[in-house]
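Chain lettering (A, B and C) follows the sequence in which the chains are written, and residue indices restart at 1 in each chain.
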């Protein structure tokens, strides 16, 4: 079994291997497991992109995807996440993709199950396939990470990728700065990069990585109107015109148009937003292959032993 | 790319081709795309028949159907239909089937996406695969349309098919009359056919095409009890006995039994209601083939270009 | 067509055949229908285990599973169960798996449809695949049923399997006793077995079969706290230590940990709880094969006849 939980616990060399594998898939490489293999996608929070992207990746690898709808499951009867996952393991599922609102939900699972867990987002913590697809998109563009300046701008407090992207980018040799509302800048981020004014950041970065304002996670504190946020911290048409030659725009989507980014820029020449989504499929194929090759539920008969007394 | 949006924008010759293709599928013809092909069904309104029918048609063509549940998607985070469809395109989906409550929802999409859109019902406007399966059922029965009298009876104001069926039937040479509550007869329908008393219509038509009373779309204005509606405008056992020899009964379903039609008539000898459902699969196979052969997302790498700087 | 409705209406000899088939599947046997075959799972009540288990079984047999979500279907528009099933039959579905809250919901269907119905649980009545997987698990353990003592303990009033398991176990030669809250012991159960004190039952049984307390089905009458129930009627660590050598623990799950059974015992050496889930897949493969071989919707063109008048 080979989980994918966070990017921070993966050595740089292995991250490069995953990106190489994803790149190969993007260029037409194919791989399928030898035996019929079952996976399930457990999304305890809404998702279009990540869920559908995993689905496409799974089908491309010839996997059988068992539908699992939280709202029609025994979770409604109070079943725990562990019992749900253990049930899927028992019926022969080899890997589960999970999105859950609880930080590090996987901590209670990894030691106790035999199938592979692929984290598709936990709480405000991690979203490793998003990080990996961001890295792939940057590498396709620039061919390397060393010396690149990446500006992570926006809702850095609630984002699953701000911290983990910053950490892995720094390990890969890039320089990271943060921007957006200064009150959302957390002291603990200083390990990865400094806070920079939005106009400086957008003008000097090779990669302007915008984060979605997660209205649904903010409480009353939110003191910006949409228009206000856009003017103060969004990528306006004016700021885009000041970006340096060859620099690109990224955003994990879904985009709040005219909030984080001007509507007209979402598909502009610098934008790699839909390219990121395309790369998401290849990255997910790579981590699924990694999970299933190095382990997965081999579905030996269940470890509960019995002696037949004829 | 070859969308299917309305029947009114398809030339008669092409409608005949689609019906021929559907007929061939009903007689056992097979077709599958050469490459693994992804589709998604986006139903923003409840459906059993149309959604399951598309699913069966898609599987028969060997397509990979990516599950999409509106209530577990980023639509909940406010994502627009355009961004949702563009996302699916980016991850490699070649055709989307959409049902949506907004009239002509597809107008904002067709010029801006590269995949095929198949309209599975929009607002009170169109439902082209329903029209096509109705046409196939009539053609199987009578072999032609010229001179046939088709009575469209019931909720002609809220029906997606009343107007579009009337239009295409007239173009094919049939005579159309409307019946049901006279106050639901819209002046604009006069281009396609006149209003006729229910007892005359059912007695003289070759095809009695009943429409579902859409309780969920009527407001307070609804002034009929179920029993009352049935007596005044429904196909009662008495009216069925007056129907002319060889004439048939159609209904798009779901049926309100004992409202539009007597419970005992739903599966009577004249009824083609379940035959229509069977034909729905063949018609949907035909339009999916048409969409995927003439276009679809060829999934060239995304048009956002980049230059690799090693 | 060959339905699976209850275990009580299946002859003992045929039950043995199903178990043999399931055992063969558990040892690696394979079977697939010759033609592309469609099935649908209609779950009108929440389920993880049974629904996912049927899904895995269906995919292992190479079946095409048509997704059906009650909450996105025409059931919302008031469509009856019969019309829903008839619709699925019309579009080519050969077997439907149904869970429904109404006792014997299938009575109104079986005479009127041509596809196979597999009951995945009705009201408080039956749950035949659960019974069969229980039988398979017991037979794997002991090799026979004659003379075994099975204690069915807990919510015997609301359980779908208490009565039907008791009935079939008695027919197979086992001795059944019931335990748990005495007020939940129904006089009609006396045909199958007597009531026994929990401490006697757990000490003397070969199989301790615990039932889930169905909080969601109890009204105000429920007078036990969780802790209280566990002490009085649950399998505590103390009771487990008194169990006889070679005896096993079973539970249909989802488990209420520390209510019916101590948390620490769920995966103890005696427990066959996850083994039961594993066996569920094999039993469901066997009954699906039985349904599809002996019948199923052969999808001849729909019985509504027509004469083509050229």
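The rule is simple: a contact is a pair of C-beta atoms (placed from the backbone, for glycine too) under 8 Å apart; a residue touches a chain by one contact, two chains touch by 3 or more.
Quick caveat, the model's predicted, so the values are computed rather than measured.
Colleague: Looking at where chain B touches chain C, is over half of the residue numbers used by both copies, so same, or under half, so different?
Modeller: different
Colleague: Please report how far chain A has to rotate so that its Cα atoms sit on those of chain B, a copy of the same sequence, as a value between 0 and 180° in steps of 5.
Modeller: 120
Colleague: Just curious, how far off is chain C from chain B if you go by their C-alpha centres, in Å?
Modeller: 39
Colleague: What are the residues of chain B that contact at least two other chains?
Modeller: Correct list: 67, 69, 71.
Colleague: Where on chain C is chain A touching in the complex?
Modeller: Chain C reaches chain A through residues 26, 43, 46-49, 51-53, 55-56, 59-60, 67, 69-71, 140-144, 215-216, 246, 248, 253-257, 267, 269, 271-272, 274-275, 277-278, 280-281.
Colleague: Going by the contact rule set out above, which residues of chain A touch chain C in the complex?
Modeller: Where chain A meets chain C, its residues are 36, 38, 40, 64, 66-69, 71-80, 83-84, 86-93, 301-302, 304-310.
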